[in-house]
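What follows is a set of structures to go through.
In the two assemblies presented below, chain A is common to both, partnered first by chain B and then by chain C.
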Partner chain A sequence: MKIASPLITHTLFTLGPVPITTPVVTTWAIMAVLTLGAWAATRRLALRPSRLQAGLEVIVDMISGQIRETMDAPPAPYLPLIGTLFIFVLVANWSSLIPGVEPPTAALETDAALALIVFGATIFFGVRAVGPGHYLLTFAQPSLFMVPLNVVELFTRSFSLTVRLFGNVMSGVFMIGIVLSLAGLLVPIPLMALELLTGAVQAYIFGALAMVFIGSAIGEASQREAKT
Partner chain B sequence: MHINWWTLALQTINVLVLVWLLSRFLYTPVLAAIAARQAAADKLLADAEAARVAATAQEATLKARTDAFAADAERRRAEVQAGADADRARLLDQAKQEVADLHKEAESAAGEERKKAQATLEVDAATLAGQMAAKLLDRLPGDITTEAMFRALVDRLATLLKEERDRLATGSLQVITPGTLSDQDRARFGFALAAALPGLTAPVFAVDPELIAGFELRTPQMVLRNSWRADLDDLLHALREDAHARTG
Partner chain C sequence: MNWIHLVSILGAAFAISIGAIAPALAQGRAVAAAMDAIARQPEAASTVSRTLFVGLAMIETMAIYCLVIALLLLFANPFA
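What follows is the complex of A and B.
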């Protein structure tokens, strides 16, 4: 049995010049499921919550609490981004449990896209919090000699986000594929269970690192708000 | 290593779209529900606090009213107590006054009774003395007693002032004796009286057994008692004076 390289994405079809690859289609499916599920679950919200509503509120409240504790800032502006990153990465990682589905996070482009969004969000929220000039000045902290290092760090940590998520998910998928090709149907199940845990941990780590990066960019403004 | 830039771009757009979609269909409604519940809870707490404040105010009002009732009741009780005390004092004074009046009336009645009893006793004593004197007199010859009492009368007339003798002589003199005198005795006593009372006209003799023994001379202006009855009356009077002097 021939195992495909995890660095290659398969093009399913093309829309004009745009090749539509498997991760994109899987992502669309995940988006559809999440959106329809959210729409269906939040159609009839009430003061007396159902179990589903209570579960949703627990998830949203838990993410808000994490944002508040990690970023030391009001969670409302960051909840859509951080929450979506966490939920999408988690669902994408766990989508590998569906036979025949390769998680989009096992594709380098998806992880790079997520890291790129975090990169942009860090700059956006940092500039919005303290202003462009002051934000640029934060690169000179604690001294001017740190500017190159801080600039390099801005890119390397986004790159590390990409590589970390891609490496963990891709390795899991690749290992399960190898074991599955060697040992048959039931042998990979423990590895798949381990992949569940790894996927959840990676989703949490990705979200937590996104919070840390954005939090460090708005840190000065948050401290100023906290003082006031 | 090969990067599919189209895929990278599409995935970036996909995730951003998903951020918007979940923000629209998940976070906003759930946060709104949480906020609504929080608002409802706040409203409930505010209502409960308002109810508690209202209850506290009502409790204070009721307590003030109860205190006012208690104070009014205390005031009324004090008034009733004061009235009762005044009535009791008045009734007590009235009762004391009535007792004093009754006591005084009883003392007065007792004094009257005592006086009546004493008067009765005096009358009884006088009567008894008269009876005793009469019985003693019965043992003596009547002539001797009459003569003795007449001599005592003559001696008494001799001790009178002239004006008193003239008053007896000039009036229509009545000679009272305890028994009927014989004509001879009347004549003899008449002469003797005329000798003792110059200018005396013939006296009139009358009988009064109460005298027991002796004579009494009576004119419209004067009475001269010289009988055992007069002596007994004098004795009883002296005894009564002595008893009054001893009892105070």
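What follows is the complex of A and C.
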């Protein structure tokens, strides 16, 4: 039995010199659905919310509550980034329920792009909290000997963020594929239910880790400011 | 099927099996400690479970690294 490698994404079509792979198309479809859905749902906001508006408000409220608890900071500057990351990863993980769709987070490149966003946001918020000079000083935080370790940590945690999401989602898809090729039509359904749970937990963990990283960047900075 | 294929398959199996044992033990310890903490202090349950989830994700990364090594050996082996 020949199994396709999960590390290779296959090209759907080429747009001039640029090859367009399947995860890119799925990502853009999810982005379009989320953007249009959010636009349509927030077009007529009322003081007495409709059922849809109340549901969305519950989600936004939950995410901002999590941000406030985890980061000990007012959630407003971080809510758009963290909320978008969480909802995008959740929808992307659950998109495997649609027949024929492979979740874009099961490709290493999508996860690397998401982790790169978190990497950039960590530095951006850290620099914005205290300015570039003080942010660089936080790398020598306990003592000067910690500088190489702190710099290495900055990169390894982005890498582990990538590999964690990729490994979890891809292994689920891979396992369902193998079971489907061995057994019949309805056998993988419990595995797919498990995959729903894993997808939700991984989306939560991705958001929580982004919060923890950004929170540590601005937290160390504000502690430093309090000391000086 | 030359010997590099054979060694790669064995290596992948060993990587994922050893890589599953240690994180499983570690996650068991972490969950047990969290249960203990929640039983002692039920009002801190939300904080404990949030920290537990993040910690479990960190531990699980080790198993995922082993999975990636196994997949590299099987599907992207630089020597085969």
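Everything below uses one rule, namely that the second predicted complex is superposed on the first by the 217 of 228 C-alpha atoms of A that agree within 3 Å, B and C clash if a C-alpha of one lies under 4 Å from a C-alpha of the other, contacts with A are read in each partner's own complex, and residues count from 1 in each chain.
Throughout what follows, contacts are C-beta pairs under 8 Å (C-beta built on N, C-alpha and C of every residue); 3 or more make two chains touch, one makes a residue touch a chain.
Keep in mind that this is a model prediction, so the values were computed, not measured.
Following superposition onto chain A, is the placement of chain B relative to chain C best described as a clash or a fit?
Superposition result for chain B and chain C: fit.
Given the touch rule stated above, what does A:L7 touch, chain B (first), chain C (second), both, or neither?
Touch partners of A:L7: chain B and chain C.
Looking at A:A183 after the superposition, I want to know if it touches chain B, chain C, both of them or none. Which is it: first, second, both, neither?
A:A183 contacts neither chain B nor chain C.
Of chain B and chain C, which one touches more residues of chain A?
B
Looking at A:G83, would you say it contacts chain B, chain C, both, or neither? Reply first, second, both or neither.
first
Is A:L97 in contact with chain B, with chain C, with both, or with neither (first, second, both, neither)?
Touch status of A:L97: no partner.
Of the two partner chains, chain B (first) and chain C (second), which one does A:L149 touch, if any: first, second, both, or neither?
neither
Touch check for A:R164: first (chain B), second (chain C), both, or neither?
Only chain C; A:R164 stays clear of chain B.
In the overlaid three-chain picture, which partner chain does A:L56 touch, first (chain B) or second (chain C), both, or neither?
first
For the superposed three-chain arrangement, provide the angle chain B-chain A-chain C between C-alpha centres, rounded in steps of 10 degrees.
Once the two structures are overlaid, it is 110 degrees.
With the two structures placed on a shared chain A, what shortest C-alpha distance in Å links chain B and chain C?
Once the two complexes are overlaid, chain B and chain C approach no closer than 5 Å between C-alpha atoms.
Can you pull the chain A residues that chain B and chain C both touch?
Comparing the two interfaces on chain A, one with chain B and one with chain C, the shared residues are 7-8.
Please name which positions on chain B make contact with chain A in the complex.
The touching residues are 1-12, 14-23, 25-27, 29-34, 36-37, 40.
Taking the complex as given, what residues does chain A use to touch chain B?
7-9, 18-21, 23-24, 27-28, 30-31, 34-35, 38-39, 41-42, 45-47, 49, 53, 56-57, 60-61, 76, 79-81, 83-85, 87-88, 104, 107-110, 112-114, 116-117
Which positions of chain A touch chain C when the two form their complex?
Answer in residue numbers: 5-8, 66, 69-70, 160, 163-164, 166-168, 171, 201, 204-205, 208-209, 212.
In their shared complex, at which residues does chain C touch chain A?
46-47, 50, 53-54, 57-58, 60-61, 64-65, 67-68, 71-72, 75-76
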